[in-house]
Structures are given as structure tokens and as C-alpha cells.
Amino acid sequence: MYKLLSSLLIGISLGAIYSLMSISLVLVWRSTRVVNFAQAGQAIVSTYIAFEVVNRTGSFWLAFFVAIIAGAILGAIVDRYFMRPLFKRVNSGPIVAIAPVVATLGLLGILRAIVGFVWGVELKPIAPPVSLDGFSLGSEVLPFAPYNALVIVIVAIVLIILSLLFQKTNLGLSLRASAYSPEIARLSGIRVNEIRTLGWAIAGAAGAIAGILATPTSYLSPNSLDVLLVFGFAAAVIGGLESMVGAVVGALVLGLGVTFVSNYVSTSLIFPTAFVFLIIILLVRPSGIIAGKGSRRA
Amino acid sequence: MRKRLFLFIALGWILLLVGDRVDELRVYQGASIAVYVIAIGSIILLTGYSGQISLGHGALMAFGGYVAALCASHASMPLWLAFIMAALVTGIFGAVLGFAAARLSGPYLAGTTLAFAVGLPSLANQFSILGGEQGIYLDPGLPPARLGESFSQYKWFFWIACLAALITMFWLANILQSKYGRTWRALRSNEVAAQLCGVPTGRQKVLAFSLSSGLAGLAGALLVLTISTVSPSAFPLSLSFALVTGAVVSGIYDLKGVMLGAVILVVIPEIADSVASRFGDSLKITSTLPGLLVSALLILAVLFTPNGPGEKLHHLRHKRKAHSG
Amino acid sequence: MSLVVSNLNVDHGAIRAISKVSFTVENGKIAAVIGANGAGKTTLLRTLSGLKSASTGSALWNQHDLLSVRPEFNVRHGIVHVGEGKSVVAELSVEENLHLGAIWRKNQKEMKATQLDVLELFPRLGERLKQRADTLSGGERQMLAIGRALMSKPQLLLLDEPSLGLAPLVVEQIFQTIKSLRDQMSLTVVLVEQNALGALEIADTGVALNLGKVVVEGTAQSMLNDPAVRAAYLGY
């Protein structure tokens, strides 16, 4: 009973973190038709910056805030000074199909190397703002801690803010229009290039939040967010790469699935599980759990 | 075809001679280069020709490595048979994967193979027969006695790896020139058009995936030979990235440049080591510089020689002609 | 205020799509641009709005150079292009599509007023404000596209084949609407059409394009009477 309850709660908490990563991937996908593998790299840089802030000031919340800003700025820089010139340069020949994928992978590697060089490769901790000790339920101690609950609350707030932004503001309308029909958006007077950069900034901020939330329960290293990237991507695909809601649903499904497998079957099967989930969804329901428009062809 | 055969035989002779004259370290590196040649060749086949991207070929190499190790140590097969098994079994596994992959393209395929690359090695911890983190020991055996007392083990690796590389690359070059290669290229540039021409695109894609996996499996088995063990840590995610980089740098659309990519991949850790030793053997540098170089190389290659260095050389040659003519 | 196009040359790679095209449209007039498929009509509009870059030549709207500017900035100068194929954003609602046209103006109150005007012109849209744009009929979508353009408060309207694929009655409605845009709002319109008769009937001047070149030019009336034009484009 406790196992079930704790698996459920931990699964949701894990899924919540994945959902931030999957949302940021979906955001970028929808606006630029690129899967930004470098998102993990951007997030790790933001998280290391947060680490610095925590180290110097001892404040998790200040670091959190700084990470968001760093993530946003980094996202904007990557779009404006890396992706846009790349697309301008590489626009013909068979390389076009794989160039964005390859380029973002390269960027991921560079960001990781930079982080490893500046901060070193030893594992570093970020202390959580609330306890990591599980709640006690009667005589049992659940593996679910105040920190996990905090994660769920923070992600829920972020999701609400994002959906309000997208659905209720002019900016959100511009973002959506630019993603759905960039040409019509241009003809309507929307500065599509700048809006797209803004989309990348928001995605970068979401990824940064995912990074900083994921770290207190484990540790920080140049490679520590690779897992998040893989799970975030799997979640996005499972939910149907075209929809935000799908990204969140996919993330929760994945988080729960992974936790249950980990608790009831074996901990070393986490990755294979994600992989199997992914394959099954892609084979059975290629448009994802929440079917969106557009095909699986990039 | 005959010309190519002569070329490869000549290459083989040259390597034989070189192997005799060069020191142990270089011979060992030569073996690594040969391994990478096969692995990069597999990527050229899969991505350059049939247009399917894979970020998981490191895991396929691991798969082949484990098969070889299991065959050799648990089933006591002779080495050459273990290698063949590695290629075969990985090829079959690749067919299964390819079946799933055939429905995917671009980023979906990339992400799925990425998940595979991350997921497969962790299976090693699940099944005890796979030896967990320590892996399985592969006894490479000693070189045959008739080669003489002074014939070192590294040289033996070098011979085996080079032979495998020559044979597989010869075979690969032929198949890429054949109607299979043309079919793959057709479906890479326009799958719908190919389908409309009656090309069984699904089958061709799976075939490409399967062959590519077989090659990767063989490369993995050879890699295991050179380090005598197979373990998850021998096939990290960065290997998959390195393979893609090697392929892009050498010109992913043509087999000709494959040596270049392989040499670069072997040279990069060397460069990193020498830079690190200048700075007092800093751990930071040895662990981050290779990744940095590989990634930077990848980006530069995509930006400046997207269709391979051959393109640039072509331009230079034409420029020279224009100037002198 | 007028649109002056001179010696415009536009290339699609190695192919010259528009060749030495020159014409003028006076303020508050409708110019019909007719021609067969592939004559370069759409390319012309896309070049004027900034979606495509010209090779040489010029196009000025009140001394503002259209060619050197990205479409989103041309909109700020009052030039709005309604693309072919009922260009609405399918995933957005009717209301959101309309808003799209006015976002850049940043004035909420003005936007509301403009929207009321647009809905008066196209009452059917008012009935479907919250519906997704892809649930609209072809004619309604075309109205929505034009409505969105009007939300930007254009002075020069570039319309690409608004009648394409629509039922005759709806086509008639659309043309009458375009006519009233000129009559009541004093808009200047460049109307690209395959439906040459309908276009020339409401236009003031006309230009016929063939293979990227201007082959006939004149007042709409004279073109309607021209036997060559009749034979080639009007079918009688």
C-alpha cells in the first residue's frame, strides 16, 4: 500500500521534472522544427550557474531565479547566434535533413565540455530548500519527501503560467501563430524571427528549471542532465511532439512508468523501460497519446 | 570492381609492411583506426546512403562486443567464429530495430536511437551473465606460433582488425555502388518519390539498418578484442556521438573519406593527452577536451564541409585548373 | 499616394519569373492582375510584400521602398498581403486569427473598434468567433483572411486569388466586398485573379502577365473590350 502510494507520488514528482524538459523540447520543435538536443547543455550551464549562486549566497531561491534568467538568455543566444546562422548557411543538399540534429548535438558536447572545464568534473551537490527526508505516515516513512512535493507545486505553477501566457496573451498568440504558420504571421505584421528567439528563451528557462529541480535529489556533473534529456525527449514523443498538453501527459506517464518499474521490478531497467515505452508508442500510435496535426516526418 | 580489388590488396600489402616498421603504440592505434573505419563505414551506409540517422551505434557496437565475448568465453568458440556471430547476431537485432526505425525519421529516429544508446548498456547490470559493470573478459589468445616469437599481441590485433576492415570496406564499397546503394540514395533524397517508383522503401530501410548494425557489431567485437574486455563503460554515449562526428567529418555521403574520420577519432584523445600533460596532466583537460574537440569538429564540418571534404577538394582542384588554364 | 512598380525582375534560381514588369496603381483604385497559371502573378505579390526578394527594379508605395523590407515591416507601412489559398491559421479560432492582424499595433481599444468594423463587413465571422478556423467553409475562410488583413488597417491591399475554389455566389460576394473596400475605405488594391472577368469588372485598371512579362495594360474597361484579352482570358 505504501509502496503503491509512494510510487505514485514519486512518479508524479519525477514526471513533473520531465515535463519541463519535454515542454521545452516541444516549444522549440513547434517554433523551429528542430529537436534541440543542446537543451540539456543549456540546462546544465544554467544549473552550474545556479550552483555558483548557492555556493556564494546559500540561497536556493536566488539561485533558482538566476537559473531561469540564465536559461532564458542562453536559449535566446543559441537561437539568434547559432541556429539562425546555421539555417542560413546550410540550406541545400542532403545535409539539410540531418544538419540541425547534428548541430545541436555538437553544441551539447561543447556546452558540456565548457562546463566540465570551468567547474571540473567532480560531482557537486545543490542543497535543497526543504527536507529530503520522507514524510512519515504513521510508523512508515514514505520515500516521498517535502522536496518532491515542492517540485510538483513549482512545476504546476510554471505550467499554469505558461498556459496563461500562451492562451491569454498577445505574446502567446504571436508565439502560437509563428509556430503554426510563420508566413501568415509575418504577413500579419508579427516579427517572427524575434518571436522565435523568445520562444527559445522560454524553452531555455523551462529547461533550466528542470535542471535545477532535478539536481538536489542527486548531484551535478557535466553529464548529469543527459538522463533528463533522454526522458524529456521520450516524454515529448510519447505525448505527441506537437502539443504542450501531450508533453506534460507523456512526461507523467513516463515518470510513473519508470518509477513503478524501478520499484516493482528492478532499478537498472529504467532506461530500457523508457526505450520500450518510446518504441511502443511510436509503433502503435505514431502521433502520440494526444494526437496533433502534422506527420512524423520532420 | 577488379580495380577496387587490386586497390584493396595493395592497401593490405602496404599495411602489412607498415605494421612491421612501426612501434607498438602506433600498431595499437592502427588497430583502433581499423575498428573505427568499420564503425564509421556503418554510419555512412545508414545515414549517408539510406538517410536514417542513428545516435545509438555505440550501443550496437556494445551489443556485438558482448555477443563476441559470450561466444568466445562462455561458448568457447574460436575467435573468428565469435566475430562472425557478433556481426550476424547484431545484424539480426538491427533488423528488428530497423523495423521500428523504418517508421521514423529525423529527430524521432535520432531521439529513439539516443534512448537506445543510453538504455542498452544499463542492461548489463541486469543480467549477471553479462558481468555487470566489470563486464566479461575476452581472452584474445596469442598470435599463432608460426608467426614467430617476436610477433606481438598488438601486432596480431592490428592484422586481424585491418583484415576485417579491408574485407568489410571492400564489400561495403561494392554494395554502395550496386543497385542497393542507388536505391538507398533514392530513398534518402525523396522517400515518397521512391515509393511511387515502386521501391519497397520499408524493406530497403530495414536492410540498410540491419547491414549497418552487423558492421557495427563486428567493429564492437574487434574493439573488445583490443581491450580484452567488454563492459558498459567501454561503450559510452560519447562513442555514438563520436561515430556520427567521424562520419560527418569524413564526408557522410561517400565512403572514400572514411579513413580520415577514423584517424581523427583516434588522434583526438592523443591531442587531448598531450595538451593535458602540458598543463600538468590536468584531469579536467583529459576529460573535457576530447568531447570539446569532437563537438567543435562536428559543428565545423556541418557548417563548412557539409557534403564532405571531397567537395572542398573538388572546388580547390577546379580553382587551380581555372587559374592555370 | 500610389504604388509604382518599375522594371521589376525576380528570379527563382536560374529561372526569371518576373521580367521587366512596370505598372502604376493610383491611390484608392483597384488594379486587376490577370494571367494564366504560372504567369508570375503570385510571385509578383510575394515580391511586393517582401516574402521574396527581387533581383533588380523597384517598387515604391508613397516613396517607401517595398522591396528591401521584410513582410512584417511592410505591414507597418500599410501594405498587407493576403496569400493564396485562404490563408488562415487553422489551429487558431476566428477571433484569434483576427487579433493576429492587429497585434503589432499594440492598441487594444483601437483593435476592438476595428474588429467591430470587420465583423460588420463579415457578419458570418461574428457568429463563429470562437470556432477553430479550420471548421469554416471556404468562403468564410477567405472572408477571415481578408478580415485579418483589415485588422492591420492597411492602405495597400495585395490579394492573391481570393475567388479560388469558391462557389459562384460566394465569389460574387467576395468581389462586391473588395469593391466596397475601395469605395468605402479608400483602400488601394492589387487584385491577382485567374477569374479575369470578375476581377476586371470591379477594377479600375488592369495588367495581364504572361511568362513574367506584362503583355497588356490599360483601364479595366479597355481590357474588357480588347478582343485579344477576351480571347485569351475572358473566354469570349
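Letters A, B and C mark the chains as written, and numbering starts fresh at 1 in each.
Everything that follows uses one rule, which is that a contact is a pair of C-beta atoms (placed from the backbone, for glycine too) under 8 Å apart; a residue touches a chain by one contact, two chains touch by 3 or more.
No experiment lies behind these values; they were computed from the predicted model shown.
Chains A-B form the pair joined by the most contacting C-beta pairs. Most remote from subunit A, judged by the distance between CA-atom centroids, is C. Taking the mean of each chain's C-alpha atoms, the chain whose centre lies closest to the overall C-alpha mean is A. A straight line joining the Cα centres of subunit A and subunit B is 31 Å long. Computed centre separation for the pair subunit A/subunit C is 42 angstrom, with centres defined by C-alpha atoms.
Note on chain placement: the centre of subunit B and the centre of subunit C lie 56 Å apart, centres being C-alpha means. Contact residues of subunit B toward subunit A in the complex are 47, 51, 53, 55, 100, 103-108, 110-112, 114-116, 118-120, 122-123, 125-126, 188-189, 237-238, 241, 244-245, 248, 252-253, 283-285, 287-289, 291-292, 294-296, 298-299, 302-303, 306-307. Those residues of subunit A that touch subunit B in the shared complex are 29, 34-35, 37, 86, 89-90, 93-95, 97-103, 105-110, 112-114, 116-117, 120-121, 222, 226-227, 229-230, 233-234, 237, 241, 266, 268-272, 274-275, 278-279, 282-283, 286, 296-298. Contacts from subunit A toward subunit C in the complex involve residues 170, 173-174, 176-177, 180-181, 183-192, 293. Taken together, the subunit C residues at the contact with subunit A in this complex read 49, 51, 70-72, 75-76, 80-83, 87-92, 96, 99-101, 103-105, 148, 152.
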